[in-house]
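The following pair of complexes shares a single chain, chain A, combined with chain B in the former and chain C in the latter.
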Partner chain A sequence: MEHFLHELWIARWALAQGLVLTVEISVASILCGSIIGLFAGIGLTYGKWPLRLPIRAAVDCIRGIPVLVLILASFYLLTFAGINLTAVESGLLALSIFCGAHMGEIIRGALQSIPVTQIDAGRAIGLTFPRILIYVLIPQAMRQIMPVWVNTGAELVKASTLLSVIGTGELLLRTQEIVGRNFMTLEFYGLCGLLYFLINSVIERLGKFASRRFALQ
Partner chain B sequence: MTYSFQFRAIEDNFDHFLYGLALGLVLAVAAILVGTLIGLLCAFATMAKARLPSRLVGIYVSAIRNTPLLVIILFVYFALPQLGIRLGKLESFVFSLAIYAGAYLTEVFRAGLAGVPRGVIDAGRAIGLTGFQLALYVISPIMWRNCLPALGTTFISLFKDTSLAAVIAIPELTYQARKLNTETFRVAEAWATASLLYLATCLLIAAGLRQLERRFPKF
Partner chain C sequence: MTLLAIRGLTKNFGQVEILKGVDLEVNKGEVVSIIGASGSGKTTLLRCVNLLEDFNGGEIILDRVAIGYTGEGGARRRFGERELARQRAMTGMVFQSFNLFPHLTALGNVMLGLTKVRHMAKREAQQLAMNWLARVGLADRATHLPAQLSGGQQQRVAIARALAMDPKLVLLDEITSALDPELVGEVLNTIKLLAKEGTTMLIVTHEMRFARDVAHRTIFMDGGLIAEQGPSASLFRNPKNARLKEFLKRANL
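Up next is the complex of A and B:
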C-alpha cells in the first residue's frame, strides 16, 4: 500500500493532466456533436427529401461503424488526404461526428413527438419557420432531449478512452504509461476505472436531476 | 492530393478481413450468451423480496455502466493475472464483454419483467402454478418478447464493441484493417473496406431482427 501511494505521488501530475484532457475532450466533443446533431435532427425531421436523404444516409452509416474504426480512420485517412491534424484533433473530430449522429437521432425523435398542429399554430400567428423552431418547437423538444443529452455525455467520456489508441495523452493512456513503468497493473487500472466511475456517476446524477427538472408534471 | 486507389492489396487480403469479421461475430455471440445469463440472474434477483440482492445488482450495474469498456478489457487482461486469474486473450475479452453486456441486459430484462401484465401473473397463481413454473411458463415468454428489440440493439452494439479487441491484439476486423494499413499503406482502402463490412453486417443483423420481431407479434 505504501509502495502504491509512493508511485501514485510520483504519477500525480501525469494522472491529473490525463484527467483534465479527458474532461476537455469530452466537453468539446459533446458541444460540437450537439451542434451537428441539432442541424442533423432538424434536417431529418423537417427537411425535404434532397436534404433529408443524405443526412439519413450519413447518420445511418456513422451509427453502423464502431467508434474505434471512426477514430482510426479519421486519424490515418486525413493525414493521407493532406489534412494534418494532431491526434487530439482527429480524435475530437471522430467523437464529434459520432456524437452528432446520435444526437441527430435523439433530436429527431424529440421533434417528431411534437404535434404538427404546433407548427400550424405558429404559422397562424405569423411566425417564420426559423422562429417557430426557436420559440415553439425546440423549447418543447428540450424536455425530451435534456435527460438523454446528459447520458450521451457519459457515453462520450467512455468513448474518449478510445483516443488512447491513437496516442492522445488522456487518462487511460497516462495510466498505461504509468503501468508500463511500475507494473502495478491492478492498482493503477483499478484507480483509472474508479476515476471514470466517479466522473460518470456525477454525470448520471445530473441526468437524473435533469429528467426530474424537465419532466412534465 | 495525389492518392490513387488500388484495391489489389484488399483483394489479396480479403480472406483476412472476412476471418476478422467472423471472429468479431463469434466474440459478440459468446458475449451476449454469457451476458444474457448474467442479466437474467440479476433481473430475477431484483424481484426477490429481500433487499440485499437488488442492492448488489444495483452496485454491479452502475459500476459497469459508468466504467469505459476499454478500461474493463485492460483491467481483466492485465490486472487480473496479478490476482492469480490468468485468462487467454479470447477468454479474457469475452469475459470483459460479457460482464459489460450483463449490466446493460440486466436493465433490459428488468424493464421486460416490469412489462409483464400483473393480471397474467395473478392468473398463473390462481391455477396453482409454483413460483418456478410461473417464471418459466408465464413470465419469461412475455418477458422475452418485450425484450426482443432491446436485445437486438444490444447485440449490434456488442458487435461494434468487438472492435476494441484489436487493442489487446485479437485479430478481428479492426486489427486486420490496421495491419493492412501499416503493412501496405493502402490507408483509404483498408478503412473503407473495414467500415463497409461493419456497416453491412450491422444492417443485415438489424434487418434480421425486424423479421424476427414481425414473426413474434407483441403480446
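Up next is the complex of A and C:
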C-alpha cells in the first residue's frame, strides 16, 4: 500500500493531466456534437428532400462506422487533403461527428413525436417557423432528449479512451505510461477505471437534475 | 364594412378538389357560422383563411389587403414566412383539439404570442393575459399546465390565447367537438359573450342550436361550394336547398 501511494505521488501530475484532458475532450465533443445533432435533427424532421437526403446519408454512414475507424480516419486521412490536425484536434473532430450523428437521430425522433398540430397552433398566433422551433417544439422535445443525451455523454467519455491509439495524452494513455514505468498493472488500471466511473456518475447526476427541470409536472 | 372577402377560392389536395370556388363576405362585427357534412370543405376553408393551408386559386382579402399570395396568374407566388406570420397574427384561430402548448402554463400559453409576436414587455403581457384568463373564467387556473385542466378549461384557455392577440377576425373550428357533453356549455357561453361584444367570428360548428342562436348568418357548405346562406333564423326555419333540408332533418334540431 505504501509502495502504491509512493508511486501515485510520483504519477500525480501525469494522472491529473490525463484526467483533465479526458474531461475537456468529452465536454467539448458533447457540446459540438449536440449542436451538429440539433441542426441534423431539425433538417431530418422538417427539411425538404434536397436537405434531408444528404443529412440522412451522412448520419447513416457515420452511425455505421466504428468510432475507432472514425478516429483513425480523421487523424490519418485528412492529411491527404492537406489538413494537418493534432492528435487532440482530430480526436475532437471524430468524437464530435460521432456524437452529432447519434444526437441527430435522437433529436429527429423527439421532434417527430410532437404532433404537427403544435406547429399549426404556433402559426395561428403569428410565430414564424424558427420561433416555433425555439419556443414550442424544442422545449417539448427536450423532455425526451435529456435522458438519452446523458447516455450519449457517458458513451463519449468511454469512447474518448480510443484516442489513446493516436497518441492523445488522455487518462488511459497516461495510465498506460505510468504502468509501463512501475508495472503496477492492477492498481493503476483499477484507479483509472474508478476515475472513469466517477466522471460518468457525475454526468448521470447532472442529467437527473436537468431532466427534472424539463419534466412536465 | 366588409372585413373579410373571399372570392373564387379553390383548393385541391392532389387530384381531389376540396373547395370549388367559394365566395364569401363577412362584415365587421358579424358572426357567421358554417355548417355542412364532413368533407364539405368547412375546415379547409377556415384553414385557408388563417393561411395554414395554401390554396390554388381565388383570393382572400382581409381588411382590404390580399393575404397569402402576391401577384396574379403565372406571377402568383406565396408570401415569405415572415410576411405570412404577420398576416396570420391578424386572425385568431381556435382548434377542435385545443392544441395548447403542453410545456407552458395557462398563463404562459396566452403570453407567448404577446411577448414574441406583439413584442410586449413581460409585465404588460402578463397583465393582459391575466385579464383574458379572467374573462374566460380561469383566473384561478393561470399557473396550471394544460394536462391539469379539463377539456372545457383547456378550450377556454385556447380562446383566451387567440383573443389576447386582438385579432381582427376569430376563426373557430368545431371547438366543442372534442368535449364531453357537459363541458360544451361553458365554452359556448364564452363565445356568446364574445359575440355580444362585437367580435367578428367565423364559426365552423356541428352545434345547430348554437349556430341558430348566436350567428347572425349561417352558411351551408356542400361539396366544396356554398349551397345556401342567409340569416340564421330564416335559414334554419325555412331551408330551400334539398341537401340542407336533409342535413337539418338528420341534425335533429
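Keep in mind that, in the parts below, the second predicted complex is superposed on the first by the 214 of 217 C-alpha atoms of A that agree within 3 Å, B and C clash if a C-alpha of one lies under 4 Å from a C-alpha of the other, contacts with A are read in each partner's own complex, and residues count from 1 in each chain.
Definition applied: contacts are C-beta pairs under 8 Å (C-beta built on N, C-alpha and C of every residue); 3 or more make two chains touch, one makes a residue touch a chain.
Since the model is a prediction, treat every value here as computed from it, not as a measurement.
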First, second, both or neither for A:F209, with chain B first and chain C second: neither
Chain B versus chain C as contact partner of A:G193, first or second or both or neither: first
Touched partner set for A:V179, first chain B, second chain C, both or neither: first
When both partners are placed on the shared chain, which of chain B and chain C touches more of chain A: B
Which of chain B and chain C A:S201 touches, first, second, both or neither: first
First, second, both or neither for A:V136, with chain B first and chain C second: second
Touching partner for A:W13 - first (chain B), second (chain C), both, neither: neither
Chain A partner contacts - residues on chain C that touch it in the complex: 50-52, 81-82, 85-86, 88-89, 91-93, 95, 97, 99-103, 112-113, 116-117, 145, 147, 161-162, 165
Complex interface listing, chain A residues touching chain C: 117-118, 120-129, 131, 135-136, 139-140, 143, 216-217
In the complex, chain A residues that touch chain B: 60-61, 63-69, 72-73, 76-77, 80-82, 154, 157-162, 164-165, 172, 176, 179, 185-186, 189-190, 192-193, 196-197, 200-201, 204
Interfacial residue positions of chain B with respect to chain A in the complex: 1, 3, 62-63, 65-72, 74-75, 78-83, 160-164, 166-167, 174, 177-178, 181, 187-188, 191, 194-195, 198-199, 202-203
